[in-house]
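The first chain written gets the first letter, and so on, giving A, B, C and D; residue counts start at 1 in each chain.
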């Protein structure tokens, strides 16, 4: 029984870490611009697919992987510059549609360019499972969890200890005030998109050896990441991480104990309950409308 | 060039122009989740339509392929079928990549009366028999029976079924549940996974902890079975693993890596073309298809493209025999197809059987040293 | 006051002459699909455009209606009309049940909740294969009324046209009534609407339920017309398609809904020959529309040419 | 009996005491002003009385009956109307429609009858449009009868809010800084308008910074500072009260 529980936990945490990275991407962009970026999942896919493409093209990992992070970051920057900045301040729904449009463009272009097949990457440090109390853990899972944890720490440092990070936080609290004190909120927008895209791409690369990837892999990551971000409370970085992990773990336990047919519904039932009973998510801040 | 030569050339050209093309309609899932099925299917059709046209067409008329992509959405398939029938006025239709797409087209096709060769997997396409609907490709029931036969032969009586939640797996699951008792086998675990799932270890852990499981039967296609296979290895499960007919491709071995070793899967002869003995009746046709496809598209063949090949040539042969594209006559000739050797096996249609394949048309393959070989 | 209905007359004329202009049954089929989508989009626009509430799971309600019309007559022998009503009641009740808690939420939270609702409906439809045929879907028996089976496209064309005309007329009326003003008012300023006595939650719930019922009814119509249903009707992608129709046509614009539905129903047919690039093309069109006409086609054009509102 | 009684009212936001133990009552037919420096808690007081916030402590009574826990729309049904310091105009609608929304509670709001435009409802709606236009003329918006709200200048929108509130046919009208942001000429007009409203029998409660206007109009005045009641009384009592001079006027 313990082995079984542990197995579900490993499995849930690994996949949950990717959701957490996706959720962080949502959060960073949401804080900087109030936009829910439905193209976030595509950056995850882009990372995985580009890593496969560059390694297949014969580039060494040390070159291929940074490239597979850099290019999506640029794509994120481009997205902010070309599609989000021109309609700043538009209605929520308009912004949602634009990000969906971008996700279609990215997905469609990759499908035409790299084809419709599934692809994998070799695991970074071998395929020999580690046995812990009867459960098995893949070394690649440690990579996913480890790098995610480092990323979260790095982001915490960035937002709380560096000037650019603080500027971005300030913008999320009050755009007008941030502009008054001389923060370039346009640049904040660009940085947030590039960062989110880069984080997503990195996550995509890390999980590809476990999960494989294909041109449409981003849809699911995007949706689950969004669920994670809302579970944690939109706008809260800690919430995003906890929410993402929670979605992954609950999914794994749901598949194991309840019903594997309905496991995909479980995160969404969870989100409805959370929204009904704690509408700001687990860590969201209460905002009072000022009239 | 002589004047006669020029006249002849002009004559040939003008007759080619004058002859109305025979229109081949097709709705395939070239994008969306079923894209890796629809893609080789379309490529196969395009290739052979071009081929036939280079050889002078069919009944002296050129062929024209009218193709629409349903994006793996059954509702779109229905609209495109309408377009093929009403607007393009095609002579026959090959396609409907998925069962959902096929079934959404069937009511229109039956009403309009157009010969229809489906490429979908589920048995509902041809059972009950529908006047205009044929499919010369394996059904999930045959696949289930073929796997269960093999299990029985190996003395396996208790199995775990793991099927995907897409149409292929769900229909396969239903068929397996239906016929399993016939082979004296019981399903002691019955789990599913999503076609886009990235991890199936919770389900497999559950299977591992179910007492008495002697083999795992995975019913799915695409990347899912590869992930499942990897997870099985990772969890240290050593039970025999059987896959249905959705994985027999080079891609599967590449994706699953070393975990694929020893896995059994169903596939048509096409997947082991180069290893078939020369005495095998399917040898010429599969070799020719592999050569043509890989030569033109520079990628590995898949059984799905092979199915498109078989279905397309069955209707082409029927048109040749009928000597016309009259829909009723072509339909009758398709139904009269006998001993057609395709990439998927020998097809013998009757009024009661619009599929015409038996369970031995699928070969039981095994991964040995990173390649598919026929299992002993 | 009569000018209010001017657009309606134009629509009526188009509907009346269209059957004489179209070359074959395919275009009739396309017109019927446009009509069905137009009614759904109209209902959704009342919710999104007029009341300012997002629903990203509307396809779920279409799925409920469609499958009610497929499952109940097939497995339980219900009369198709009763099944259609049952579907609408189910969709409406489900909407009412979740609406109350949902409508305390705003913006993105609401988007998330409705998205989740739609996905849950979709998963149920895919999993209950015994009744719904699972992912492959199932055939639908023809719609019968007073012993007549409605199974020709011509019949459906006129039925859908009448539904569309009534919906347009009712929507115009509704939005220019105390009920409609209260809805638009709470979109403009929720607190202002509240202090003049509008029970905002009740109005949001009412319009959400109404648009769910619209969607369910048209889901039933789709099911009977096509003769086949598949769970992809209830897909997230379908929900997005509908929202896109609302936004591209024009939020809070009755005729924008029609234009959006017509254009975006035709677009996949127009892009069908693009072979692989259609996803990209669709995405680019969405982005350009939103950047250059964020208010949508009809309001933007109306503002440019004469500024007359509907 | 007082039309409005506020008894020991307090409101705390995350430990910040925005309103502390404030009591006062408003008699029918008067113009009652609430004044005080920025941040004194005047708007919070309005939000509490009109049901937008729930008080932490104390009681609010309209016609002697407690209205604690009632939603703004329920208060509207009791004849309580208000305007806002930060404009709350529905920019997606016509000016006239904004006013018509104000009459919401007096109309048949049946969805079905509206959709099929029952004749009685249609007639009533046409009459209402006339009524709304009359109200717009009453507040001096005769030039904006067919305007869209988003095309109107700030000063006109402030009046539009008043017209909308009047469409409710209120007994008690709360005006939150009706003259803020207006030039002296416009302020004078608003001064006259408030007087006209009071003369028509509506009890007016006013938050305003323009002292000239307050002193000119008010029957009684409540002075607040740091969320507390400083002084309450007639114009003259307030004008000459040393605390007021110290805390407010003198500063």
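As a working rule, a contact is a pair of C-beta atoms (placed from the backbone, for glycine too) under 8 Å apart; a residue touches a chain by one contact, two chains touch by 3 or more.
This structure is a prediction, so every number in the text was calculated from the model and none was measured.
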item: Result of counting contacting C-beta pairs for A-C and B-C, higher pair; value: A-C
item: Most remote chain, CA-based centroid, reference being chain A; value: D
item: Geometric centre distance via CA averages, chain D-chain A, whole Å; value: 47
item: Whole-Å separation of chain centres (CA-atom averages), chain B against chain C; value: 36
item: Centre distance in Å when chain B and chain D are each reduced to the mean of their C-alpha atoms; value: 73
item: Distance between the centres, which are taken as Cα means, of chain C and chain A, whole angstrom; value: 32
item: Junction residues of chain A - those touching two or more other chains; value: 111, 261, 264, 291
item: Shared interface positions of chain B, touching two or more other chains; value: 31, 165
item: Chain C: positions in contact with at least two other chains; value: 127, 191, 276, 278-279
item: Complex interface listing, chain B residues touching chain C; value: 30-31, 68-69, 71-76, 78-80, 82-83, 85-87, 98-100, 103-104, 106-108, 122, 124, 165-167, 170-171, 174
item: Touch list for chain D against partner chain C, complex; value: 50, 52, 71-73, 75-77, 81-82, 84, 88-93, 97-98, 100-105, 107-111, 114-117, 121, 125-126, 149, 161, 164-165, 167-168
item: Contacting residues of chain C [partner chain D, same complex]; value: 1, 170-171, 173-174, 176-182, 184-185, 187-189, 191-200, 206, 210, 252
item: In the complex with chain B, residue positions of chain C that touch it; value: 23-30, 33, 126-127, 129, 134-139, 222, 226-228, 230, 232-233, 235, 237, 268-269, 272-273, 275-276, 278-279
item: Chain A to chain C touching residues, read off their complex; value: 30, 36, 83, 86-87, 90-94, 96-98, 100-105, 107-109, 111-112, 223, 226-227, 230, 234, 261-262, 264-265, 268-269, 271-272, 275-276, 279, 289, 291
